[in-house]
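Each of the two complexes below includes chain A, the first together with chain B, the second together with chain C.
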Partner chain A sequence: MTNISCTLFAVPGASPGPLFLARRALGWLALLLVVGMLARPAAAAESTSFEQALGHLATANFKQKERAVGELLDARHANTRAVLNALLEGTLYYRKDDRRVFIAAAQDASLRLLDPLTMSDAGTAEASDYTKITTNNQLRKTLKSALASFDLADPDANVRLAAVNELMRSLDADSVSILRARQSSEKNDAVRTAISTGLAIADLDSADAAVRLAAVEQLEGSLNPEAFNRLSALVTKADDGSYAEPDENVRNAARAALNEIDNWRSFYRTLETLFFGLSLGSVLVLAAIGLAITFGVMGVINMAHGELMMLGAYTTYVIQLLMPQHIGASVLVAIPVAFLVAGGVGVLIERGIMRFLYGRPLETLLATFGVSLVLQQIVRDIFTANNRPVETPAWMAGSLQINEAFSITYNRLYVVLFMLIVFAILQLVLKKTSLGLKVRAVAQNRAMAKSMGVRTEWVDALTFGLGSGIAGVAGVALSQLTNVGPNLGQSYIIDSFMVVVFGGVGNLWGTLIGGMSLGVVNQALEPYAGAVLAKILVLIALILFIQRRPRGLFPQKGRAAEN
Partner chain B sequence: MQTSHPAIRLLAGERGTQVFLALLLTVGVAAPIMHLAFPEGSALHLSSYTMTLMGKYMTYALLAIAVDLVWGYCGILSLGHAAFFALGGYAMGMYLMRQIGTRGVYGDPVLPDFMVFLNWQELPWFWHGFDMFWFAALMVIVVPGLLALAFGWLAFRSRVTGVYLSIITQALTYALMLAFFRNDMGFGGNNGLTDFKDILGANINAPGTRVALFVASAVALGLGYLACRYITLSRAGRVVQAIRDAESRTRFIGYRVESYKLWVFAFSAVLAGIAGALYVPQVGIINPSEFQPINSIEIVIWVAVGGRGTLYGAVAGAVLVNYAKTYFTATIPELWLYALGTLFVIVTLFLPKGVVGLADKFTSREPAARAVTA
Partner chain C sequence: MRKTNPGGLKQLAAAIALMSAMAAQAADTIKVGVLHSLSGTMAISETTLKDTVLMLIDEQNKKGGVMGKKLEAVVVDPASNWPLFAEKAEQLLVKDKVSVVFGCWTSVSRKSVLPVFEKNNGLLFYPVQYEGEESSKNVFYTGAAPNQQAIPAVDYLMNEVGVKRWVLAGTDYVYPRTTNKILEAYLKAKGVKDEDIMINYTPFGHSNWQRIVADIKKFGSAGKKTGVVSTINGDANVPFYKELGNQKISAEDIPVVAFSVGEEELSGIDTKPLVGHLAAWNYFMSVDTPANAEFIKKWRAFIKNNKRVTNDPMEAHVIGFNMWVKAVEKAKSTEVGKVIDAMVGIEVPNLSGGTAKMLPNHHLTKPVLIGEVRADGQFDTVWQTEGLVPGDAWSDYLPGSKDIEADWVKLKCGNYNTKTMKCSGQNYE
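Entry: the complex of A and B
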C-alpha cells in the first residue's frame, strides 16, 4: 500500500489538489468494492443504502452526483455496475414528479423503463415526464475507472483484458493504482502482461531515471501501440534540439526497444500477409478445383463454371431466407444443397450440350459460354440485378486476436480450413473409390478405358456433375466473402482458369499449390503495387510462365498427355 | 486456276465472295447518296443514325474477318481480338483527344480534360505525336501488330495451342482491361476518351464527315476482305490451313509452323486495330469496357454464326448478330442475353458451318465439300 502512494505522489506535475484527492478516494472506494463484491452477496441493508444513493443521483449538481456514485459503490449492490454503466452511456433517467431513477431505452417519443433495484421491466412511459441524468467529463472519467475496476474482478479473462486495455487508454494515478492492486492477484498470463505493460507505460513518466530505464526495458518487444507511441515520443527531437527524455541512457534503451518492436511488427506483418495470401489462395483453389476436374478429365473448357459458383452463392441466400431463425446453421445446410443444385445443373449441361461436342473443345467453350449468359440472366430475372445480402453467421464473425499486432479473422480462417476439407474429400473420392478409379482411367486414356468396359458416358456425366457440385460448394464460401450478384461468377472465372493452367491440368495437387502461390504472390505484391496493378503483374507473370512451361507446374505425364 | 491472274483468282470461283463484294459496293455507294441527296422526310432518305449504325457494323465485320482468318483458317481461337480492336481504337481516340485543343471544359491547349482534372502538369511521353494524324494512323497498325508479334512469338514458339492459347489470350485482354481502368495509366480511366470534336480538320458530327467515315469503313472492309482472301488463296495460306487441320504433320513435313502462325496472327491483329480505329470516331467514345473478355467471345460467336473459314460468313455473322443485338436491346433488352446465350448453344450444336453453310446446303447442287474442323 505504501508503494502505491509513493508512485501516486511521484507522478510529475500532478499537484494533489482537492479534486485529485476526491478522485483518488473514489479509486479506493472502487477497490474496496471489488474486494467486497467478491467476498459476500448483497444484503437487505445494502439494498436500502443503494436505493438512497440512487435517489441522490436525481439532481443537476455534478458534485452531488459524484458523491452519489461514491455511495453507490459503497452500497455494494449487485446492480451497481449496471447503474453506473447506464449513467456513463446516458441511459439513466429520473421521473420528474417523484425523482425515482430508472434505466431506460428511448423508443421514439417514449421510454422503455427498467427498475434498477430489481432489473425488471417497469413498462413504458412518456419521455417528457423524465429527465436524463447527465454527466460531465470529470464524472465520466470516474465512472470509467469504477467500471474498469468492476471488470477487473470479472471471472472472464477476456473481460479483464478489455478492462486493462480500457484503463491503459487513459492512464492516471487512479488507474495505475487499480492496475497495481490487480497485478499480484492476476492469474491469467495475457492479463498480467497487459497490466505490466500498462504500469511500465505509466512508469515512463517517473522522475527517477532508473525507474524509467526499467520501464523502457519492460516495454522492449511489447506490441502495444500505446507503448510504441510513448517510446517514440521519448526519442523524438524537439525543434530546439532537446528531447522529451533528458537521460541519454534511457533514450538509447528506448531506441533499442523501438528497434525490437519494429522487428516484431514487421515479422507479424509478414505473417499477416502470408495468412491473407493463403486465404485468398484458398478461395482461388476452391474456385478452380472443380474446373480442374472437368478440364483435366474431359479436356473440356466449362465457361459456365463461374455461374455454377454463383448458383451456389444464391443457394446460400435462399436457404437463409428459408430459415431466418438459424443463420448459424444455414451455411452448413447450404453446403450439401449447393452441391446438389450446381451438380444437377452441371449434369444437365453435360447431358444436354457437352456430350454432343466431345472432341471439339473450342466449341464446348462457346456453348458453355452461352449457358453462362443464360444462367446470369435467369438469376437477374429471379433475384434482380442487385447484390443480395447474405448474412454471416455469428460463429464466423470476429477475429482471433493472437496479439496486438496480429489477428486472424475467422471467416478467412474458415475458408482455409474449408478448402482443405474439400480438397481432402476430393482426393479421397478420386483415389479410393471405384468412381475415382474410372475417372482417372478415362482421363488417362479414354479409348482404352472404354474397351475395358468403363461406361465413359456415365463417367463423363458424373465427373462433370462432381466438378460443378464443387463449384457450387465454392459458391457457398464465396457468399461469405464477396457480394452475391449476377456477376459473381465472371469475376472469378479467369482467375480459376489461370490457377488450373498454372498448376497443370489433371493434377489436383498442382491446383492446390498453384492457387496458394498465386494468392500469396498477389497479396505480397499488393502493398507495393496496389491491388489492380498486383493482379495485372500476376497475370503477365502467368502468361510468361505458360510460355516456359506450357503444361503448367505439374504436367501430366505419359502418352495420353500429348494433346 | 493456278495460272490465272491473281486478281481474277481473288474474285472468281466463289459465289459468296462475289455476292459480298457486290453488296458492299452497292451499300457503299447507295447509302451516302441516300443520306446526302435526299431531304429528310423523303422515303429514300437514310437517317444519320442508320448510316452510323451501318458504318459501325462494317467495322465489326472487319473485326470478324480478322478473327475468321486466325480461327477459321489457322485454328487459333483467339479470345484477345477485342484487345487489338480496343488498342487501335485508343490510338485513334488519342488523336481525336489532341484535336479538341482549347475547346475542352478546362480549355487547356495541350492536356486533355481528364489530365487537367487529375492535376497533371505535362503530357505523358506516350501521348506525344498523337496530334499528327499520320502518327496516330501508324500507331493504329504498329501497337496491335507489335503486341500480337510479341505475344504470338512467345506463345507459338513454346507450342501453346488449343484451349491453353485461348485462355492466355483471354488473360491478356483481362490484364489490359484492368490496366486501362486505372486512372494513372493516362488513358482516361473508366471514362475513357470521348467528347471528340474534329477529325482531320472536319467536324466529326457533320453529315459529310459521317459519310466519309462510312465510306472509309466500307473501303477498309473491302480491302481487308481482299487481303485476307489473297492470303488464304496463296501458297502460305494453304500451309496455314494445313496447320489448322494437322499441325504436327505440317511441322514434320518441314514447314516452320510457328512463323506461319505468328504472321497470320499479327496481320489479323492489325486488321482488328484498323477496325477499332474506324469504330471510335463513329461511335464517339472508347473506354476500357471494350477490353471486356465477353467482347472477344462475342466476336468469335459472330464468326461461328456466320460460318467460319469462309470470310464472307464472318461478315454475314457480324452483321446478323449485331443487327439482332441492336433490335433486342432496343425493344426487349431483358431477352437479349437469353437470345445470345441460346444462339451460342444452337450454333455450336446444330450449325457447325453457320448460316452460310446452311445456305450452301439449300442452294448448292453438289454437297458441300469444305472440311471445317476445330
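Entry: the complex of A and C
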C-alpha cells in the first residue's frame, strides 16, 4: 500500500463553516433592513471587494471557493445572492483568457452572458471559451446554508420553514444566534415550532441546569432525530461511570422524554414497515392480477405474462419520447395505450397460438415460454439490450412527510392507489358487464355456456386480451419503480405465479389478499433476515403452506372446483 | 455402402489446397482473441469493450500492424454464461491459436477461464476493476485492484468529507463480498467501531429498496456523518438511487460512493436523483487532456455515434493493448512466454495524462480519481491521488493475504508467502 495524500485541496487553515457564512449573511440582511432595500450603501468599496471575491472563485480549489463565498457575503453587494444562486445552480462561468466571471445560460453551443457586477446583458459567446465554476457537496451545503439565511426573511412561510430546516442541518453557536434573532419576529406557528426545537437542542449545552431542564421538557415528544441523539447522549454513562449531564433531575426528565420518543418511534417504524409491505404487495398484486385472469379463470399457464408487462413499460417509454414536454401527463396517457398494446398482443397470442393448445398445459407452457423469448428479442432489436431511461414525473418524486419519523414516498403511495383502482375496475368488469358474465360462465362450465349460445372462442380471446392488457398497465407502474429493459418481465413472473397460487387459483380477492400478505411478511422479515434470506424464507413458507392447502388461501368452491 | 469416386477425391484435394492456403494466410496475421459477452445480462457493458478492441486493432493495422503483420480479430460470444467462457477460451487458444485474448468482465467469468489460460499457456488482458486476491502468470490485470479504487475512496470520505459511520452495501456475489471484507478490515484498522459499520447485501437486479434505504437513513441520523460505500452492481443501482432521492437523502448529507457506476451505466438512466453522489475510478470521460480528447473523437468516429460515452474499462483495454504491442515488438515475437517476460516494466501513456507501468505482480500503476455525478451523466473530478498508485494483488488488510506477495520476475510466483517462504504452487487461489 502506498500513502495516498490529497493534492487538490491540501490547503492549510480551517475553512469557514456554513453557519459562519450564514451569520454574516444575516448581518448583511439586518443592515439591508435598516438602510432600506433601495438605498445602496456607498457602492465603490463594496464593488471592489465583490469583484475581487468573484475573481477568487475562478481560480480557487473547493476550500478556497468556500472562503470566496464568505468574501462575497462580506462584500454586501446587491448581487451577492444572485451570484451564490448561480454558483449553486451551476450557471456561473469564467472566461478562460482573462478569468472574468459571468452568470451564463447555455444555448446550444453558445452562452448568454450576464455581468454579475451590474446584472446587465453581456452578449453571447462561444461556450468553448468559458469554463463552468464547479461545486462539490461540501460547497453546495455551504451555499444552501448561506442562501437559507437570506430566505429567513422571505414572505412565504414554507420558504422560511425550509430555511430553518436547512440551518438546523448543522446546528452550532452561529446558527443559534440567527435563529434566536428570528424567533421573536416569526409569526408562523410551524416555523416557530421548528425554531424552538432547534433552540431547545442548543439549550441542552447551557451551563444553567434550569435552562437544560426546560429544553428537555420542550423536546419531549419531538421526533427530530437530532433531539433523540442529544437526549441519549445526556443519559449515556461514560466509561468512568459519570454522565454527560451532571444534574440528576435533568437526567430523569431526559429519560422520560426518551421513553416517550422511543415509543413513538417504534410505533411509526411499525407503520412504516406496514406501508412498505403494502406497497410491495401492491406491486405483486398488479403483476399477478392479469395472471389471475389468464391462469386462474382460463387455466392457461402463460409464461409470456412478464413480457406483456415489459411491453407496457416500453409503451410508457415511447409515449414519453412522443411528448417530451409533458412528462407528468405522459404516464397517465401511457396507461390506456399500454392496455391496448399489451391487450392486442395478448389477443394475437391467443388467436395465433393458444387456441390450438387448449387442454394441453405442458405444450401451452412451452409455447408461451417461446413467445416470451421472441418478445424479448423483438424488444432488444428495436430498443437495443440497454435499459431505457423512463423519467419519473415531478408529481411522483419525493415523499409525503407526515412527521420527522415517518414519511411515505409518493411513487409507492400512487402504486398502492393505482392497484386498488385497477382491482376495482376489474371487479366491476367481471361482475357487472355482459363480458364479465360470459367470462365467468365459460370459466365455470365451458360446455354449458356454449350450449347457451355464448361464443366461447370469442370470450377466450377477450379474456386473454383483458388479462394481458392488465399486465401492460402493471408495466406502466413498474416503469416507475424499476429498470425498463428486456429482462423486466422475467424478474416478476415467478412472484406473480407465487401470488396466484397462494391466493387460490381463480379468485381475484385471493390474489389481492395473497399479494398483500406476501408483501407485508417479506418486508417484516427483511430487517432481521436481509433481502436475500427474506425472499427464501417467504418461498419456503409458501411451499409448506401449499402442502397443507394445495388450493391456496381461498379455494374455489362448488362444482367448478372439481374440473 | 458408397463407392469412392474420382469426383470425391478431387474435392478432397481441393479442400486440402484451400486449407493450406488458409494456413499460409494465417501465418501472415497475428490473431487477437476477443472474449466478451455480446448477449445476455452482461452484454450491456461488454459489447462496448469488444468494439474498443476492434477499434484498437483497426487503428494498429492502419499503422502497419505489429512487426509487419496485420492483426486479425477473432470475436467469440460467451453469452454471459460463465461455463461457456471457459469453453470459448479453450476454443480461442486451442483451435484458433490466438496470440493474446482481451476479455471477461465479471470476476466469476475470469475465475472460470483461469485454469484454461494456465493449462494452455494463453495470455489474457482483464480490463475491469476487481477484488484482487489473485495473480496469475497468464493474466495481466489492467483494471484497478482494491487499493486503487476502494481504499482511496474510503480515504477520501474519511479525510475530506469527515465520514464517521459507514454503510457497505453490495450485490450478493464475490466482488462485493471480498471488497467489503477488505474495507471492513481497513476501517477497523483505522479505529472505526463495529456499531458504526452496517453491511448489507441484496440480490442481483434488486428493485425494492424502501426498507434498506429507510434503514440507511435511520443509521445516518445518529449524529455522526455517514457515508455509503456501494458495490451494488448493474441495473439495481437505478432504483436504489431513485429511492434515495424519494426519501430525500441528498449527497450532501449521506454521500454514496460507487465502484460499479460509470459513464456507460449513467448514459441509460435518468441521472437527476444521482447528482452529487460519488464514483471512484482511474479514468473519467470528463478528464481534460489532449490524449483523452483524441480518444473520444476516434471512438465516436469508429462507432459512428456522436453521443457515445467512454469509460474506465475502455481505458484499461487501451492501455493493455498498447502494452501488448510494445511487448511484442520488444520480444520480437508473439510467443506467449516471451511476451509475458517482456511485459513487466513496459510503460505506456494513459488517457488521463500520466504513465501506466506494468508491475511484476501483473498489475498497473494508476491514478485514482473521485468524481461527483453531474446532471448530464458525466463526472466532475473532486479529488485525485498525488501521483500513481501501484496495484496490490494481495490486500494488506486481510489476515490471510497480508503475507502473500506476487512477483513474476524475481519470485516467479503469484502467491508467495513471505512468512513460510513458500510459493503455494498454485498460480491462483
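Operating definition for what follows: the second predicted complex is superposed on the first by the 382 of 563 C-alpha atoms of A that agree within 3 Å, B and C clash if a C-alpha of one lies under 4 Å from a C-alpha of the other, contacts with A are read in each partner's own complex, and residues count from 1 in each chain.
Convention: contacts are C-beta pairs under 8 Å (C-beta built on N, C-alpha and C of every residue); 3 or more make two chains touch, one makes a residue touch a chain.
Computed from a prediction, not measured in an experiment: that's the story for all the values here.
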item	value
Contacts of A:323 with chain B and chain C, given as first, second, both or neither	neither
Chain B versus chain C as contact partner of A:409, first or second or both or neither	second
First (chain B), second (chain C), both or neither touched by A:371	first
Chain B versus chain C as contact partner of A:134, first or second or both or neither	second
Chain B versus chain C as contact partner of A:381, first or second or both or neither	first
Touching partner for A:546 - first (chain B), second (chain C), both, neither	first
Touching partner for A:398 - first (chain B), second (chain C), both, neither	second
Chain B versus chain C as contact partner of A:301, first or second or both or neither	first
Greater chain A contact set [chain C / chain B]	C
Touched partner set for A:527, first chain B, second chain C, both or neither	second
Set intersection of chain A contacts, chain C complex versus chain B complex	532, 535
Chain B-touching residues of chain A, taken from the complex the two chains share	295, 299, 301, 303, 353, 356-357, 359-367, 369-374, 376-377, 380-381, 490, 494, 497-498, 501, 532-533, 535-536, 539-540, 542-544, 546-548, 550, 563
Chain A-facing residues of chain B, complex	77, 151, 154-155, 157-164, 166-168, 170-172, 174-175, 178-179, 181-182, 293-294, 297, 300-301, 304, 334, 337-338, 340-345, 347-349, 352, 374
Residues of chain C touching chain A in the complex	39, 41, 43-44, 47, 147, 151-152, 155-156, 159-161, 172, 200-203, 205-208, 210-212, 214-215, 221-223, 235, 238-239, 242-243, 245-248, 251-253, 255, 268-270, 273, 276, 368, 372, 375, 380, 382-386, 389-390, 392, 396
Of all residues in chain A, those that touch chain C in their complex	1-2, 4-9, 62, 90, 134, 136-138, 140-141, 144, 169, 225-226, 229-230, 233, 272-273, 276, 279-280, 283, 385-392, 397-399, 401, 407, 409-412, 481-483, 485, 487, 491, 523, 526-527, 530-532, 535
